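Take a look at these structures.
The same subunit A turns up in both complexes below, where it pairs with subunit B and then with subunit C.
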Partner chain A sequence: MAYDSASLDKPLETLKAFDWGGDVAAFEPIDAAVIAVHADPAARADLEKRLAALLTAGTSRAAKEYVCRKLSLIGTAASVPTLAALLPDTDNSHMARFALERINAAEAGAALRQALGTVQGDLKIGMISSLAGRGDTTCVPMLASLLAGDTRTAIAAADALGRIHTPEAVQALTAAGGVSDQAVAAAIVDARLACAESLLKQGKRSEATAIYKSLADAAAAGTTPAAKSTRLAAARGILACLDTTSPS
Partner chain B sequence: MRLFSTQVLAIVTLACLPFSLSQTTAAADAGPPNAVQMTIDFLTRDDASLRAIGLERVRYGLKGQESTQQLAGLLPRLAPARQLELTAALSDRGDRAALPALLALLQSSSDAAVRATAVQAVGVLGGASEVPVLTKSLAAADPEKSAARRGLAVVRGAEATALITAAAKQGDAEMRSTLIDILADRRAVTALPDMVTAAVADDATVRTAAMRAIARFGGPDQVVGMVQGVLKAAAGGERDDAERALVTVCTQNPRHEQSAAIFIEQFKSADDQTREMLLPALGRVGGAGAIAIVDGLIADTNAAKRKLGLTALTKWPDATVSDRLLDLLGKAQDPDERELLLGALIRIAPLPDNKLNNQQKLELLQKTMTLCTGDEDRRRVLERANAIRLVETLRFVVPYLDDPNLAEPACLSVVELAHHRNLRDSNKEEFTKALDKVLETTKNEELVDRATRYKQGQTWERKKPAGS
Partner chain C sequence: MGHHTPVRPASDPKGQTTGTRRGFLKGIGAAAGGTIVAPYVITSTALGNASTPPASDRIVMGGIGIGNMGSGDQNAFLGRSDVQYVAVCDVRKKWRDDGKGRVDGKYGNGDCAAYVDFRELLARDDLDAVHIATPDHWHAIMTIAACRSGKDVYLQKPETLTLREGPLMVAAARRYGRVVSGGSQRVLEDYRDIVHPCWAGEIGAIQSVDISVGGPSQPCYLPAQETPTDIDWDLWLGPAPWEPYNSGRCDGNFGTGGNSWRSYIDYSGGSLTDWGAHHFGGTIFATDLRELQPVKATYHPASADGKQAAYASVTYPNNVTIYHNRPNELRPATPSVAHGGSIQITGDGRAREAKPVPVYKGTGGIYGDFIECVKTRERPFRDIELAVNTMTGPHMIGIAYRLQRSLNWDVAAQQFTGDAEANRLLDRARREPWIL
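Then we have the complex of A and B:
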């Protein structure tokens, strides 16, 4: 079906006041348009612009959620400023991140990093999660610095570094291994194991082995169940690294 | 025990035991360690978690026959409990290179559990050359015998099937019967001709196993042989089992219409005595070809032939003969004949696959009820009614709650119908009234408990039959 911008006038107007539980059938032309613009950059830009315009004040929260879902599919750098403006907004931050996490443009990552430095609490943890979801390697120093922060943020940062698993992320996690907060320490161990497993899957056996050895060394004297679990996980990992006949 | 080199031991120590950073460095500098030896070390540990890591590697890692042989070579050095673990893992690993070690274990171990696990592993990994060993284990006591049976069912290759088929032709009857069952488990189509031969063997155990096996995947080519099997079977339980096997081939297996046609031709060409023996099976097979034969017998002036026809009709697999049965019942004068026909109607009416919808089933049962002359027959009708899950069935049954002679079977049917939540919930008011009446009426404690629970919207778990 060809894209017809004029046919969206009424659905987009209806969308402004849409609330959850309302009739979504009215938006079927918008859903169809999202599919139709897939291979038409000009039409896609037009639709993106019209949708992004609905993210401004005056539209309902449900409408903003709907728009963010669509922009996650067709959004480009052009939508980033509008979405970024929603990141500090408690009600809409989550859906703005939903879109930015999926938009394939460096500007989206930059917007999330920018917000990471300004928002607090749950919103900050959300930014950490979305940056990890994007596999954003640029944010590693920021995440590394958060490992020394409050417990919840530090745990989220450790998890994110484990998901990003670049050499810099590995280094940051290794350097933070001696934290006193037990919950953060456990999250760092999990993240380092995640890094090692990822490296092993990539065939980087020596790098993975180094992490496993380091973890086993650190847990060697421990008598807690957590220490035993770490030793076992490391033993399993070392054995997997030694087994060059298997992919992982 | 020094199983392997110093550098490997350092790595193992590094991984599992308290150790220092200097050991880490030393191990890392000591050269390439050996994953197989590390796995072997894990498998010998007392720590179940470490053994699990080793067993995971046996199952999914360390590819190659050489590794398999090294891992399997550990078996003689392990305690029986550890041998069990490793044998199961080697079986899952699926590498035939473990077979020599498993066969050696089977030869040397006297531990029943180890032997059973080894036998099953030999079955999983082995082929034709392992059939004699597995067959020998069939003569052992359980659990080895059961393991051998499972092993023979999965041992690979057409040649293995041929060897099992050959073994099934000799030896004692129990062994032959077991091997025939194994061939059936293997769905050994190539063995079907030999199974047909075994269906008329001298020993009843062998005949029964052969008919049971053919029933699982036999077809038109086996029908003539199966008919001979039915004729050879001793009257009673064996004959009944043989008939069921033939009926399965003629009503359920692939190309069953063709099988049924062959059976009917066999019946037509048989002498009177043979026909008499085959009639029950003919009735169970049903269908247009069979009904013509049965109608002819029922119309015969010879009383014995008429009775044979009626008996065949009462064994019909579906309700297509219900009009005939009702008509005959309406005209029947002989009490035995009435009993036979009424029993057939009560049996057929609620059958799940009798070609009637639920409403038609209920109507047939209601008609049957009107033809009942005694309370015992009415009780049977009421007891069968609950198989028809309709609110109309409840309405049919409820009036009998007031009849002192029929109240108990009516109570049972009301409660059985109420067991089905969808039916109960969509007719809540009627069921509540009926269940109240049941609670006033029945003396059966279980029915009281069930009726109370259903009224409160609760479930009730049916007790499993003993031995299941």
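Then we have the complex of A and C:
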């Protein structure tokens, strides 16, 4: 089906005041357009612009959610400023991330990092979650600094560093290994194990072994939480590093 | 995962964990270091008998998500003499109370702890294993958290909601050496009519399979209703987008026609992954594809005259193709074997060497298989890695339907090849404060 911008005038206008329980059949032309613009950059840009224009104060929360879902499929850097404006908004922050996390543009990562430095509490954890989901390597220094913050944020930062698992992430986690908060320390152990697994998969056996040995030593010394499970996990990792016959 | 400030067990307003076997014994042990002032009577139940192992040899379990399918799983584990069931968790009071009632009724006491928040249950160090039967959007977060906390896991199917979740769940299981079993009790038991001829080599090399099962889930726009006081709605939603409460959004019934969470995209893959977990699971087991993932999903558009609906298929590296809802007139006229009207398998008819059919370990079906593996540390029949492989096909088909085009899957990279939009659908942002 060819894209017809004019055919969306009424559905988009109706969408502004949409609430849960409303007639979603009215939006079927929008749903179809999202599919139709796949191989038509000009049409896609037009549709994206028209959808993003609805992310304003006069649009209902349900409608914003609908728009963010569509932008998660077709959004580009062009939508980022509009979506980024919603990141500090408690009601809409998650759905803005729903779109931004999927937009493969540097601007989307920059917007999430910018928000990471300004929002607080659960919203900050949300930014960490989305940056981890994107595998954003640029945010590693910011995440590293959060390892010394409040418990919940520090745990999320450790989880994210484990997902990102760059050499810089490994370094940050290693440097933070001595934290006193046991819940954070456990998350750091888990993240370091994840990093070691990634290194092993890349064939970097010596680097992986170094992490596993460090964790095994710490567990033996009783300086990690859940020492038994850490010791076992590290031992399994060391054995895997020694097994050069198996695929990394 | 995310970490809330823990909430208290529902049954205990003071936040004190209700009595547990090991906690009690630990307390006794501590007392033994000082002066024991109370007599300690070892009951016959604790000591066990010819048919019941002593308490110290039983697998200590709890359940998360205890309504509908969760209650079935609970009853299966509760009925085992080698399981000591000590805790339930559900965000709904009725199901929590019912679940606790079943346990207390079984043991004739009031000891079963009941929690609203799964993190409270997982924080207990006396649990060996948990079963999880929440809506699908919770599966990955809870399974990974359970592995981290040293618990083995029996996880209801479909094990994953997104393609990205699978490898992370497998990694957590392997990292901590946990036994994680998927939960499709039908795969081995209900599909013997196709499993045995295939493994016996009677139908030759598998060429194609036709599966008839419902389609993918849909967005949910149900109207807001007043949130009942007996459900923690925010925790029910968890990592899913905030939406207003509606009983049809969160009902746990097995329908997918719009009156259950199984109908909706934020919580489920729809029939395609729900009943599909059984039909695809049975098929993939029968055709011995459990170690593989598809390399291609093909979208077959509806006919121009609208008489023939769209359908889709996935193709494996060995060229076996599994079709979803292919029109009857396009299917082989005489399939080699069939499971009713839902699965038809066609082979080349040249008999091959028979292979022994894998079976459950232990006794008691898939539940017994899991418990046996908890004891022996072997991998269960539906090990999480096999389950993830199995669910990859239905997920790929769901994405092909959604985008209305064919897709190529790079198994090693766990990405679609040459389709950035499809790769956007590998995963989804989780609502704060949840992180995978």
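The rule we apply is simple: the second predicted complex is superposed on the first by the 244 of 248 C-alpha atoms of A that agree within 3 Å, B and C clash if a C-alpha of one lies under 4 Å from a C-alpha of the other, contacts with A are read in each partner's own complex, and residues count from 1 in each chain.
To be clear about the criterion, a contact is a pair of C-beta atoms (placed from the backbone, for glycine too) under 8 Å apart; a residue touches a chain by one contact, two chains touch by 3 or more.
Since the structure is predicted, the reported quantities are computational estimates derived from the model, not experimental observations.
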Clash or fit (per the criteria above) of subunit B with subunit C on subunit A: fit
Contacts of A:221 with subunit B and subunit C, given as first, second, both or neither: first
First, second, both or neither for A:213, with subunit B first and subunit C second: first
Subunit B versus subunit C as contact partner of A:48, first or second or both or neither: neither
Which superposed partner A:232 touches (first subunit B, second subunit C, both, neither): both
Vertex subunit A; arms to subunit B and subunit C (CA centroids, nearest 10 degrees): 10
Residue contacts with subunit A in the superposition, subunit B compared against subunit C: C
Which superposed partner A:24 touches (first subunit B, second subunit C, both, neither): second
Partner chain in contact with A:98 - subunit B first, subunit C second, else both or neither: second
Subunit B versus subunit C - smallest C-alpha distance in the overlay, whole Å: 5
Those residues of subunit A which subunit B touches in one complex and subunit C touches in the other: 232, 236
Footprint of subunit B on subunit A - complex, ascending: 209-210, 212-214, 216-217, 220-221, 228, 231-232, 234-236, 238-240, 242-246
In the complex with subunit A, residue positions of subunit B that touch it: 11, 14-21, 24, 27-28, 33-35, 38-39, 42, 49-50, 53-54, 56-57, 60-64, 67
In the complex with subunit C, residue positions of subunit A that touch it: 19-22, 24, 35, 38, 62, 65, 69, 72-74, 91, 93-95, 97-98, 100-102, 104, 122-123, 125-126, 128-130, 132-133, 151-152, 155-156, 159-160, 183, 186, 190, 193-194, 197, 226, 229, 232-233, 236
Residue ranges of subunit C in contact with subunit A within the complex: 1-5, 148, 150, 171, 174-177, 219, 221-224, 241-244, 246, 403-405, 420-421, 423-425, 427-436
